[in-house]
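Look at the two complexes coming up: chain A is in both, with chain B in one and chain C in the other.
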Partner chain A sequence: MVKFLVEFFGALSLFIAIAQLSSNRLNLSIKIYQLQSLFLSISILFIGITFNEFELYLSAFLNFIIKTILIPYLLFKVVEKMRLDREISVYIGITNSLLISILIIILSFYISIKIDISGEVVAKQIFPLSLGIILIGLFTMIVRKKALSQILGFLTMENGIFLAGSSLTKGMPMIVEIGIFFDVFVGALMAAIFVFQIKTTIDSIDTSKLSNLRE
Partner chain B sequence: MKEVLIGFLQLFILLAIAPFIKTFIHKLKCLMRGQKGPPLTQAYKDLYRLFNKEVVLSKDASFISRIAPYMVFVSTVWAATFLPIINKHTLLGFTGDIIAMVYILALGVFFIALYGMDSGSAFGGLGSSREVTIAALTEASFMLVIFTFALQTNSTNIGEIFEKVHEFGLTAVPVSAAFALIALLIVSLAENARIPFDNPETHLELTMVHEAMILEASGRHLALFEYSSYLKLTIFITLASNLFFPIGFYKDTSILFFIIGILVYLLKLILFSIPVAIIEMSMAKFRFFRVPEILTLGFILSLISLIIYHV
Partner chain C sequence: MKVILFLQLLWSVLSYFLNVRYVFLFQIFISAINLFIGISLISNIKNPQDRIFELNNLLFLDSLNGVLLFVILLIAFFVSIYSIGYMKKEMEHGIKEKNVNKFYFWMNLFIFAMVLLTVSNNFGILWIAIEGTTLATAFLISYYRNKEAVEAGWKYIILCSIGIALALFGIILLYFNSFPLLGHSMESLNWTNIYDIAGKLNPHLLLLAFIFIVIGFGTKVGFAPLHFWLPDAHSQAPTPISALMSGVLLNCALYSILRVYAILNKNGYVLDADKYLLFFSVFTVFISTIFIIRQVDYKRLLAYSSMEHMALITFAFSVNTKLSIFAGIYHLLNHAIVKTAIFMSVGNILVNTHSRDIFSTKGLFKSMPLTSTALILSVLAITGTPPFNVFYSEFLIFLSAFSSNFYISTVVLIFLLIVIFGGFIYHFLNMVMGDSDKKYKENFAILLPIYSLLVFALVLTFYIPENILVLLNNIPTILEVK
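Now for the complex of A and B:
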């Protein structure tokens, strides 16, 4: 039953990653990221219950605090302070990028059949799911023009890596985990400052305009 | 003989519970907004009141306006006769499977779209065009969700699907189930004209889809349309609750199991109505041009659920 819940919430995280591709507002994207982190923490909590490791409970808790509350709060602040244009802009339209995401997911499931994972695995499907989240996060970074959407794509990728890490390794050592959380948080902070710089320099956070010549 | 009685009982439960579910969702929304809300018997009273009123027909209305309400109602009830809720013996279960049920529901959509265009008002045509767009886009994902379960249980007979799902549970294929659940949620909201796609409560001309088509209806005809929309919502919720919450579906046909089955069924209906109310509370209606994107999302999720089942 617990394994069922691990996979179920992992699958919901992947669904949220796909839903990220279909959002058309920056605020909505941040909310979707928040929901994804919530599902991720629940999934990690159930992995923790399976292995009964203290580190996994701790990382589920830290995941909840940092990724569900702190980082979204920071990003909401950025959107609010800079009075950004809330519309997203894309290289590939929403419908087409959703259709491409099917191919990505088929690929990630197809690849992971070939990989033979030795040792104890909490749930068989969790690895392809996290691979799917990583690749879709990457895809989000590619198709979105605005810097903030790209940050969200990066954070989605990081969520996928975290899910894969927790499910395959029975929880990393605590010091590594705290280091990762600190890295992600500082990364998001620096990216937010970067967005601010881009906004003040070129008056927009559209990264496709970064290559325009200026006097 | 016993099977026929069980079939009648299940149909009767569906018909009796349908207005209650609609009022329950409305009441829940009102409570979350901090309003008092209507009493839980409101929909029954509405139906009674409307059945006693006379029908006013436009002078331009053809025979379609006369037959469409009955066709819509009959096709919805017909679909309901295929749907087992606590036991696999249904009234017409031997004549068709789950695919037949989906397309019989689509027959109702066809007649309601004709009705919208028949009276020649501008709103009706607009509503029909939108409704048909949404119906065409949801159909594929609905069928894929159904095929996922048909493959899992090696059957398209709806009673057997439910029975096997209740026997084995969903724990064998959690990933597939999660995607199918979300896809079915999107499909149900779109098919039943609920909030992100359509607003069932307003008569604001730019936002309505379903209401625009039945704007001309009055009296008995309106009651039939309303009743069939309640019934359709209940059919979808029953389908979802029996597929994704596999408790309370018994092979046994003794009285005790029936009573337990019915009680569990009512609880499941209430449980699955809550997310609908929460979504309607927390979201605004989408722009119409955004609807295809969300329905594409639903299609993709159902396709992924089908693929993952095979991997």
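Now for the complex of A and C:
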């Protein structure tokens, strides 16, 4: 039962990563990210219940605090403070990128067939799901022009990695996990400051306008 | 090791609050103490099996990271001396004292993260530290707050974060591979533990982890299709930081790959891992050659040259014989020293002329003779001209590659290096020759580290200090080369 729930929430996270690719508003994207982090925390919580390990409870809690509350709050503040244009601009249209996302998911399942997963694993299907989330997050970063959407793509990717980490290996050791949370949080904070710097230097957060450094 | 880490962390916080005059003074003092402690630590290591553990096995030192620790602390020491002259010049040109404090804060934090990366035994902590280096340098790259600097900083933080995230996935796969054997604890992420049981790991999963780690940390090393942040970041950062990044940071990232490579070598069932390194190294040298010959910005040119040298070191590791690995690590040491010297000399030119354009800079021999002499000497050194150490290590790398039948790639690389030599000589002679009516004052604090590094580079050709030589000889055994 728990195995089913873990896989279910993992699949929902993948679904939401695809939804992230199709969102056309900055605010909506941040909300989607919030929802994905919530599902990730629930999924980690269920794994924690299975093994009854304190570290996983803590990880789920930290995930909830940092990724569903702190980082989205920070990003909403950035959007509000700088009166950003809420439209999203893309290199590849939403329809086409959704079609490409299908290919990405097929690819990630294809890669995972070749690896025989042994040992105590909660849910085997999590591996292709998390690989899919990582690659879709990467793809989101590539197709979006705005700095803030790129940060969201990175955070999506990072969620996929956390999903893999917690369900394949019962979570990384606690010190490492806390360190990773800290790094991700500081990284998001610094990226937000960079968005501010970009806005003040070129008066827009469209990164396609950052094109002075070319060969 | 924990003394160095503690001192460095404490000093980075203090350097934010102290008056700039004291910061200048203490910066040299602290980095000298660290260098001294580092040298006394690595001289304890004699055999390949020697490992010094600290803090509950979280930190350790063996021959491989001993060399890297020495390089970091040595370069940090010289850069500290240099940064004083550089920052004084910048303050004359109107940089605020608060910003100088910020510069030293981030720089010391950067050095701290690199030392932590080097001495950490645990892959998790290594990952945290390498992400720490990204975060610590991001604001240093956008230090001058103009359009280009912000662009470079943004590219840097985004591209390196992606790369490092992929590497984290690789580390998770490694942990997934090791924890059924070692149990669910901090211990199963420790390099020493994974290395000891390497023979029992699943080779397919190990290869997948290695691919993610090569691509991930390879972004930070500057392997060719992933290098786009590198020339921007190196050209926009203040010069002391460019020197640290070129000389040390790239080596640190390569070191992280080598640790995993050692596990693969010891496992013995993973085939073709060296092919990935071979591909990246030859392709990177090719790309950097193209951009070196048509470059108009001299700091970017040096950034591409760093890529080329990192690729040569990687090539030595892909050849994977005893001699080639010795030569690779020797080249790492040589490149760090010479590249720091050359960055320091162009930094002195930049801080006076405020132009990075090669073709608008003329007559440097007239306007600053001592700096241009250092520049030409270090150009000769970096391109591998005989009396200097880089020639010797490159020679050893190619010799080892030839003797293990890497004919085609060796010939291609030698040809590309000749083209790079031509590009360097053409561009830099253009800068120093010609006439100029300007006369700049040359600062002693800036010239001293450059010339001492050049002397050091010359000495290393003929004589490697006994402590370092022992470490270099141990490294092939650690990497389990047949």
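Everything below uses one rule, namely that the second predicted complex is superposed on the first by the 211 of 215 C-alpha atoms of A that agree within 3 Å, B and C clash if a C-alpha of one lies under 4 Å from a C-alpha of the other, contacts with A are read in each partner's own complex, and residues count from 1 in each chain.
Here is the rule we use: a residue touches a chain if its C-beta (ideal position, glycine included) is under 8 Å from a C-beta of that chain, and two chains touch if they have at least 3 such contacts.
None of these values were measured; they are calculated from a predicted model.
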Side-by-side fit of chain B and chain C on chain A, or clash: fit
First (chain B), second (chain C), both or neither touched by A:Asp203: neither
First (chain B), second (chain C), both or neither touched by A:Ser101: first
Three-chain overlay, vertex chain A: chain B-chain C angle, C-alpha, nearest 10 degrees: 160
Touched partner set for A:Asn212, first chain B, second chain C, both or neither: second
Most chain A residues touched (candidates chain B, chain C): C
Partner chain in contact with A:Ala164 - chain B first, chain C second, else both or neither: second
Distance of closest approach, chain C and chain B, by C-alpha atoms in Å: 20
Residue ranges of chain C touching chain A (in the complex, touch as defined): 122, 124-125, 127-128, 131-132, 134-135, 138-139, 142, 145-148, 150-155, 157-158, 161-162, 165-166, 168-169, 172, 175-176, 179-180, 184-186, 189, 202, 204-205, 208, 231-232, 235-236, 291, 294
List of chain A residues in touch with chain B within their complex: 1, 3-5, 7-8, 10-12, 15, 18-19, 22, 24, 94-95, 98-99, 101-102, 105-106, 109-110, 113, 125, 128-129
Contacting residues of chain B [partner chain A, same complex]: 170-171, 174-175, 177-179, 182, 290, 292-294, 296-297, 300-301, 303-304, 307-308, 311
Chain C-touching residues of chain A, taken from the complex the two chains share: 114-116, 118-120, 134, 138, 141, 147, 150, 154, 157-158, 161, 164-165, 168-170, 172-173, 175-176, 179-180, 182-183, 186-187, 190-191, 194, 197-198, 201-202, 207, 210-213, 215
